[in-house]
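What follows is a pair of complexes built around subunit A, which joins subunit B in one and subunit C in the other.
Presenting the complex of A and B:
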């Protein structure tokens, strides 16, 4: 009993000293609570569908940020990972009767393989050249899908896949919990030593190599990790929609993920996640003005990019928090001195 | 906050609430969802057809459901399916759960319709497909009847028959040319736009053409958005082809026909040219698209039966254009759903399905009879053939779209001849007659 009280006390101290001191962390905490408690307040299947899909695309957007934002490996064909994950899970489920709990991670491993396959030839490329090369891969895979319709389903894709769970609430919780977990993992990766090397590769790859770091290995790792997370989102999508079709490899999807990341703020993980949670439901809400829906959506995105070039959530964070010039610890904007080193913040 | 600001916020909230699906609607209405790519010509056709149907039925007081008359209320859902399949499924779910529609018509892109079909079936709502032609959509009904029985194909007939019909048109042109020009062995150039959906048609054409007693001159694949195809046309001319079997769904149909006309290529164009189905084709090709023949559904003056003329004329009067097959939402509502609801006296989907699947009824484009597969299981797919649905072929003849098929058409040598009212004989280009007439 005393042990429980000890850990509860420790948890309370962490929440008090590490979470409640920063508005951004409070916001993340509230977001976690919102996601976990939403079905207690509404069982509306349309609303749960929107938030389930939002969560799936949030994983997808964060995975792009992990590769292109943090490592600087500009990927304009990220739908490849999503599509491979979706097709992998669908094929395994349909032909080998593998249930979703196994087909989704196995599909993600197929996406990792795809990440390695495209990562190796792309290692010598940078910037625009890399972006254009990656753009080609989903198109090539789409070509293969149409070339072998008896196996891939051709233009129709693969249907008849088992549902993720037997209820919409079940689907929602499965996806939401995975989204919260996987995004946290991605955030922790970027905050680890590996993340620091990813950062460094983006800033100056030659300098990192000169420091004795095998950048090739880390770039491949970034491709694989990003492919894995995007593949998970693809597999979840296939089981939720009960179809994996050529649209999972669409250029539209590849560009959507870039828009999400830039809208929310790249090199943050939380930025693309937040952006999906703003833009995806917004697009649905705008159905009330159906004829102007896409126009209004575009205006919102353009205005944000015009006035908040670093992304909405990076801008918001800078408005509510300040970074200590001495110890780099973040503080609430209302403070005049750093909460750790007491250096003046203004 | 000042009064003006507060007033504006209240106005916005009231407006959004009024626009929202949660707004209260009358229970005396039958809500029909019309789902499709509403910013594209296909979706506009679907909406126009449904609008015309609703106006017509409501003008008569509505549909008799049991002891009460219920008017039709249409709910438009932009599926955005050409760009985003996820969006399409969300639109369908919204129709089902927020708008609470009783029935749905529409859908176009096969992949999106497949996903939308699942949602409609989950909610046990009748979904009549108007646009997607893939056979799999109906094969699902036979495979899993209890789940997919609420799906019916409305238009067009499935893609297997679309291709078959195009080959029949090719064979018809070949027969006309053999008879008129006395060409012993006709050479056919296969020209299909470079699009994935057209890929499987090439081996199909390569297999079918020799069986029709014709020779293949070659295969050409121009870009769907090509603006200059003189290289292909020169090669086709050099190959000695007398027929060009073309499959164009995109803008290349215009430059191809225009340049073929300008160069007076001595080869007859037949197949599927979506641009040539439109009335603006003549102007777009500056009259050079004369004699181009394409598969089609409706044309001015062509009548499948007594229902065609009122529909086509009414549509032209209302929307100032000839209806395309996506406007068959009209057909689905007026001739498919309305009589079935009146007969059943209820909106219960299961009762409607049991009546609808057994009905044989006339529509402006023929007669609907739902097929069964080889094992006798219901497919809810349209029966193709004489007496049922066949489509038509149209040809540009001196600035007018004329129906040219079926004209004295026999499916088999033993079958009776079929000629629809208003259909005229195929005309061969004069420069071809000049070149080949001996």
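Presenting the complex of A and C:
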């Protein structure tokens, strides 16, 4: 009993001293609560569907950030992983009748394989060359899909896949919990030693190599990790929509994931996730003005970038928090002295 | 025999299109380090300009061509000044800004003209027979005009002061600035030139294809492939790579089963194979990364 109280007290202290002091952490906590409690307040199928799709794309956008934001390997063909994950899960489910809980991870492993296959030629390229080359891969695969319609379903895609779960609420919870979990895992990866090496590769690859790190191995690791998470989102999408079509390899999907990530702020993980939760529902609610929908979406993206080129969430975070000049710990913007070292904040 | 001539014509036409597009794209990339995803969207706008002039206003298409080049080049310079220049230091933001720009153009066009397929009459009608294959005069005209413009561009870049300024800015922006070249103005002029080239391409190609708001996607990818294959910033490379990929496309379309679907795949696979051997492209200079 006393042990339980001890740990409860400890949890309380952590929440009070580590979470409540920073508005960004409070916001993340509230976001977790919101995602988990949403179906208690509304059973609206349409709303749940939007949030399920948003969560799927949030995983996808965060996985782009893991690869392109952190290691700086600009990938403009990220839809490849999504598509391979979706097609892999769909084919496994349809032909081998593997249930979703296994076909989604197996599809993601196919995407890892794809990540390795494209990673190996792409390792020799950098910068703009890499960005423009990766653009080619999903288009090559789309061509193959159209050319062999008997196996891939051609233009219509593969339909008749098993549902993720039996109910919409079940779907929502599966996807939302996976999204929260996987994004935390990605954030943890970027916060670990591996993440520091990823950062360093982006900043100065030659220096990293000079310090005795095998950058090739780490770049391949980034490709496969990112491919895995993107593949999971693709598999979830296939099982949720119950169709895997060529639209999962679309050029526009590759572009939109880049838009999400840079709009929210790269090299953060939370930025792309937040951006998807702003932009995707926005795109849905703009359905009222169907014809102007994409136009308004593009205008919003363009205007926000003009004023906050570092991304929306990076900008917001800088407004509500200040970094202590001495100990580099973040403080709420209303404080005048640092909460740890009491150095004056300007 | 017929097949060979068909392949040669198809390869020459798509090769010249890609070459013009890729050279324009290379120019602005070299000078301002901007990856302009809206490049082919400008090409689409020019095509619509001609449609308006020729079909709706009843003018001769040649006026439409001239108007298209001037208007689209102006639009390109305005959008550069208003949207891209303020965020030029943020590489990622520029990428998205150009994608968003392309989306805006596409949406505006589909609002005005709806998504239906439109067509534009040829500048010169008729055809002649070459060994039993119909060769339309318009095809010949497109090819010759593309070659002519490339020669003019070469003279402009190599023999004039503006060309010298463009080339030196592309080589080293800071030193060029120190030598008294107004770097901002050169970037602006290059943007106009590059978008003007895209508009010209759109103008000469549109009688051979159908018009639709999404027509910028396909050429965009092929243009990127050409630029990467030829080496970024190398105009000679873009020229040669464009014909390589153009002929590859034509060969696949005419020879392989399901060729129309596979043409993009094969051309892009060639690009990747070449990159495996030469990561800097055919004629690119290998930069040790800029630190």
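Assume the second predicted complex is superposed on the first by the 346 of 346 C-alpha atoms of A that agree within 3 Å, B and C clash if a C-alpha of one lies under 4 Å from a C-alpha of the other, contacts with A are read in each partner's own complex, and residues count from 1 in each chain.
Throughout what follows, a residue touches a chain if its C-beta (ideal position, glycine included) is under 8 Å from a C-beta of that chain, and two chains touch if they have at least 3 such contacts.
A quick note: this is a predicted structure, and the numbers were derived from the prediction, not measured.
**Student:** Clash or fit: subunit B against subunit C, after overlaying the two structures on subunit A?
**Tutor:** After superposition on subunit A, subunit B vs subunit C: clash.
**Student:** Using the touch definition from the top, say if A:259 reaches subunit B (first), subunit C (second), both or neither.
**Tutor:** A:259 sits against subunit C, while subunit B stays out of touch.
**Student:** Determine, under the contact definition given at the top, whether A:67 touches first (subunit B), second (subunit C), both, or neither.
**Tutor:** Neither subunit B nor subunit C is touched by A:67.
**Student:** Contacts for A:144 in the overlay, against subunit B (first) and subunit C (second): which applies, first, second, both or neither?
**Tutor:** second
**Student:** Just to be sure I read the superposition right, which of the two partners does A:159 touch: subunit B = first, subunit C = second, or both, or neither?
**Tutor:** The answer is first: A:159 touches subunit B but not subunit C.
**Student:** Could you say whether A:310 touches subunit B, subunit C, both of them, or neither, answering first, second, both or neither?
**Tutor:** In the superposition, A:310 touches subunit C alone.
**Student:** Report for A:179: first if it touches subunit B alone, second if subunit C alone, otherwise both or neither.
**Tutor:** It touches nothing on subunit B or subunit C.
**Student:** Does the superposition put A:302 against subunit B (first), subunit C (second), both, or neither?
**Tutor:** So A:302 only meets subunit C here.
**Student:** Counting touched residues of subunit A, say whether subunit B or subunit C comes out ahead.
**Tutor:** Answer, by number of touched residues of subunit A: C.
**Student:** Classify the contacts of A:131 with the two partner chains as first (subunit B alone), second (subunit C alone), both, or neither.
**Tutor:** Only subunit C; A:131 stays clear of subunit B.
**Student:** Which partner does A:208 reach: the first (subunit B), the second (subunit C), both, or neither?
**Tutor:** Touch status of A:208: no partner.
**Student:** Would you mind checking which of 220-228, 238-246, 256-264 or 274-282 on subunit C runs into subunit B after superposing?
**Tutor:** 256-264
**Student:** Of all the subunit A residues, which ones make contact with subunit B and with subunit C?
**Tutor:** The overlap between the subunit B and subunit C interfaces on subunit A comprises residues 142-143, 146-147, 294.
**Student:** Taking the complex as given, what residues does subunit A use to touch subunit B?
**Tutor:** Within the complex, subunit A touches subunit B at residues 44-46, 49-50, 53, 142-143, 146-147, 149, 154-157, 159, 241-243, 245-247, 250, 252, 283-284, 287-290, 293-294.
**Student:** Which residues of subunit A touch subunit C in the complex?
**Tutor:** Going by the criterion above, the answer is residues 121, 124-129, 131-133, 135-137, 139-144, 146-147, 204-206, 251, 255, 258-259, 262-263, 266, 291-292, 294-295, 297-299, 301-302, 305-306, 309-310.
**Student:** Per the contact definition, I'd like the list of subunit B residues that touch subunit A in the complex.
**Tutor:** Within the complex, subunit B contacts subunit A at residues 16, 19-20, 38-39, 76-78, 80, 83-87, 89-91, 93-94, 96-98, 110-112, 114-115, 118, 134, 136, 140, 196-197, 199-200.
**Student:** Which residues of subunit C touch subunit A once you look at their complex with the stated criterion?
**Tutor:** Subunit C reaches subunit A through residues 29, 35, 37, 83, 86-87, 89-90, 92-93, 95-97, 99-101, 103-104, 106-108, 111, 217, 220-221, 224-225, 227-228, 232, 258, 261-266, 268-269, 271-272, 275-276, 279-281, 288-289, 291.
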